[in-house]
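Before anything else, here is the set of structures, which you'll find just below.
Shared between the two complexes below is chain A, which pairs with chain B and chain C, respectively.
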Partner chain A sequence: MTKSNIALLVLLAVVASLPLFGGAYALRLGTIACMYAILALSWNVVGGFAGYPSFATAAFFGFGAYTTGVLLGKGLPLWLGVVISAVAALLITAALGAALLRLRGHYFAIASLSLVEVLRELVNNATDLTGGGMGLNIPLVSGSGVLAEAMFFFYAMWILLLLTALMVMAVAGSKLGFGLACIRQNETASSMVGLNTTLYKSIAFGLSACFVSAAGGVYAAWVHYIDPSDVFDILYSVKPIVMALMGGLGSPLGVACGAFLYLGLEEVVWRNYIQIHTGVLGLIIVLLLLFLPHGLISLRPSNLWRRVKHV
Partner chain B sequence: MSEILRLENVSRHFSGLQALRDVTLTVNRGEVLGLIGPNGAGKTTLVNTICGVTPANSGKIAFDGNDITRIRTYQAARLGLSRTFQIVQPFAEFTALDNVAAAALFSQPGQSLKVAREQAMAHLVYVGLELQANHPAATLTLAMRKRLELAKALAMNPKLLFLDEVNAGLNSAEVERATKLIHELAASGITIVMIEHLMKVVLNVCTRIAVLHNGALIADGAPREVIENPAVVEAYLGQQYAKRNAARG
Partner chain C sequence: MHAAQILVNAVVLGCLYACIAIGFSLVWGVLNVINLIHGSFIVLGAYLAYGLYNALHVSPWYSVAVAAPLFFVLGYLLQRLLLNRVITAPVLVTLTMTFGLDLILNNAMIYFFKADYRKLTLTPSLGSVSIFDVVVPVDRLIATVSALALTGLLYLLLRRSRVGRAIVAVRLDRDAAVLMGVDVKSIYAVAFGLGAALAGCAGVLMALIFPISPLTSSGYLGKAFVVCVLGGLGSVSGALAGGLLLALVEGIGSTFFGPAHATTLSFILLIVFLILRPQGLLGRKGFE
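Entry: the complex of A and B
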């Protein structure tokens, strides 16, 4: 196990101790932080490892939210709903990937974006099942108090984050990860050395969907009410990309840090500049990407020391 | 001699452009076939068509007794068809070692990364790149990248190896070194089809020559016969020269 993987696990352990220090607000932030990290780490599999800029994260998220929401309405327990959402997303996305991933670069980005719109329209129109534009009410999972419920959803999201991190680490260290790195660098040469690129890309696409879908499911149960414009919000596609870029493309530790940093910035800016908060946030992101193009992960102590020596 | 590759009336066009016209060709086990022809004759397209990059529009290709006309590129690689690229295609961020390891890893199902890296080192030593093993491929010189391509192709345990202009852009010392490598490979029993413009190398290495012109095969035979063939001289040097040459000869 590499140093940065250990660092990531330590970081996650620190996040898990959050309830010791804060109340309901901290738990809420922590839950969102875990959710963002799941989204960013998952995107990293297809966007960072394989180099395919996917904008489909919102589609997976909404798919998971609605699948779990509908299943909960039918009386299934939460864990089963989430597992079904994750497995369904894995299989459907891998199959879709075999078709979508024939496109490269910008074309793939647009195609993946259209996936979000298609699903949103499907949900909008399947009124009997999903409630359409009226949204979907989701039954309460537990009848216990506010704080207990906040704690429950925080840890549910945290466990999903842990699983996502373990999946990403396993992929990074495996033959699959090696193959995806080959595809990112030179897809023609990859197939020429005997790499089944379609299969590898489809697996990567499927893996990038399954935990996002699960997170969508937990989110749906957490907020009790979802509607298409909320869970199919295109920002769920864009934010993970920004987080990954801020943290350091391809590095699981960097991407997780990027997600936490993004949430921190979002929250601080929103509190202090309520009138112009999106503008200020955008400016900060642009500046960060401009002066730290390789993300937080390039801020290693050794690198800093080298820079200081140069001065 | 038994044949390893057989092409029957293979044609390929890119919309209006007929890149290959009814090419019928066999390659025998253990030989070194030189594939020559003027620029744009369809030499690289022929290799691409055999490897499944641009499948044939008509005709049949058989390799080692299997029909591979509609084969996918990665399947061709696993069958033992391996190639180098005229324009080198390294994995730029990977080290030289990992470049070759990728070839060893994916061409043989069930291979592990650790074993692949060990094999890769042996191939790097063979082409003389052991000192550069841990350098990123992007930092290698052109001559080294060409040798890296060769190491990658060899790591795939090829039965049939296509060398697409391995000598283009190299200086004479580097050409000599590359030629020596090809000799050694041929001696080790790998069947080689080489696309080459340097006639010195072709005549030195090849046991047989096939000539493509405008996508059609215009000559096929022993090296000395082929280069004296009037049609070949015409294709390379133009009608006028061929006429004058014939008058003089």
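Entry: the complex of A and C
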């Protein structure tokens, strides 16, 4: 276990103690923070480790939200709905990945972006099952009061985040993670030395989908109402990338910190400049890419010191 | 006759699709950047036409001449000042960068123009022509012919002019172009400016036909994606072929499955093409 992994676990433990200090608002923010961290850490598996610019996160998220939503409507318990969504996403995405991940660079980005569009349109048109553009109402899971419910969903999301973090650490420390790093650096060379790149990439793609889908499921049960333009919002694909870039591509600790920092920024902007909040988000993206392309993790005190010495 | 009407509709729409996509294709092909602001440029062009017509009664055919230089300068500056700084970075960075810029532009448009749908209505209306049973509205016909003319102009520019040859040279082999003394940074800016100008002009033409709202930008962008992938990157003929194919598939698809499924169909076609024939209809293998 490396130092940064321990730091990540400590960070998660700190997040878990949040209900001790805050009321319903803090719980809501905490739940979203956990959700964003799940999205960003999951994206990091395919985008950070393997270096594939995936824009499919929104597709996984919406898939999970709708699968769980429909299953809950049929009377299944929440945990079963979430597990089914996660497993289905893992299998379907891994199979899909075997085809899509043959593409590289821009072509892969466009294909993954189109995945979101295709799923959104399918859900929009399958009115019988999903309610189409009218959205889907999801039955209440428990009738035990507002605060108790907020607490329940916070911990549900937090447990998912913990699982995601453990998965990401396991991948990073394993042969799979090493293989993905090889693919990122030089895919042709790694397949030349006998790495089954298609298999590795497919597993990575599947893993990056499974917890996002589960988070989508919990989100659907949490907000009780979903519609295609909400859960298949392309911003769900882009935000994790911004978070990862903010924190530092490829480092789980950096990515998680990036997610929390991003949420803080978003909340401040959203509260104060509701009418121009997407514009401000755009500005943050542009400034980040121009001035801090390697993320906050590159701002280590030692690096700063070195820079000063060179000056 | 039903089939003839579908075919004519597809040709009309296909030329417009080609016009939407051609600037996007140029930028992707030459700069290797997926330009996500393209859709918002188109919408901005449409607002320009709308504003000029309603405020000054400038008819949209003249607005094209206003839009082209304005958008060229806008695109040129954007590339010179911002995008050239990250142009050598990996796909993820350039793509996210243009997404950020798109958020800013789109939000600005929602802020200033509101998200209401507007329509440029020509008074008096131009009516429509019908040959046998095939009906084509005249404004659509004019937009199509203008779209074809713009596409032709770009083709001539790339083939005949010095700067056009330089753009093609950079596209074919960047390093060799540098060795031949081409100033790559300024060619990038010119290519991006041209892409923006084409988007602006396409927007002016779209204003004649479709409702205008900042919310429509992602739809235009999606069409540009599909057309580029179907036809092949960075070539004028590829964009035309892709546009026509897409319009035909959408026309036939919506006749058989209903118009709600047209978009789904076009994106599924996109994914199939990406997997089976990523170089597009007219692309050459091993020549990106």
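As a convention for this text, the second predicted complex is superposed on the first by the 303 of 311 C-alpha atoms of A that agree within 3 Å, B and C clash if a C-alpha of one lies under 4 Å from a C-alpha of the other, contacts with A are read in each partner's own complex, and residues count from 1 in each chain.
One rule holds in what follows: a residue touches a chain if its C-beta (ideal position, glycine included) is under 8 Å from a C-beta of that chain, and two chains touch if they have at least 3 such contacts.
All of these numbers come straight from a predicted model, not from anything done at the bench.
In the superposed pair of complexes, A:75 makes contact with neither chain B nor chain C. When the shared chain is aligned, no partner comes close enough to touch A:145: not chain B, not chain C.
In the superposition on chain A, A:115 makes contact with chain C only, not with chain B. Residue contacts after overlaying the shared chain place A:179 against chain B, while chain C stays out of touching range. Using the contact criterion defined above for the overlaid structures, shared-chain residue A:293 touches chain C, although it does not reach chain B.
In the superposed model, A:238 makes contact with chain C only, not with chain B. Look at A:194: by the touch rule set out above, it reaches chain B but stays clear of chain C. The contact sets of chain A with chain B and with chain C never meet. By the touch rule above, chain A contacts chain B in their complex via residues 175, 178-179, 181-182, 185-186, 188-197. Residues of chain B that touch chain A in their complex: 51, 53, 72-74, 77-78, 83, 85, 89-94, 98, 102-103, 105-108, 112-113, 152, 156.
Chain C meets chain A in the complex at residues 28, 32, 34, 82, 85-86, 89-93, 95-97, 99-108, 111, 218, 222, 225, 229, 260-261, 263-264, 267-268, 270-271, 274-275, 278. Residues 47, 51, 53, 99-100, 102-103, 105-107, 109-111, 113-115, 117-118, 121-122, 124-125, 234, 238, 241-242, 245, 275-279, 281-286, 289-290, 293 of chain A are the ones that touch chain C when the two sit in their complex.
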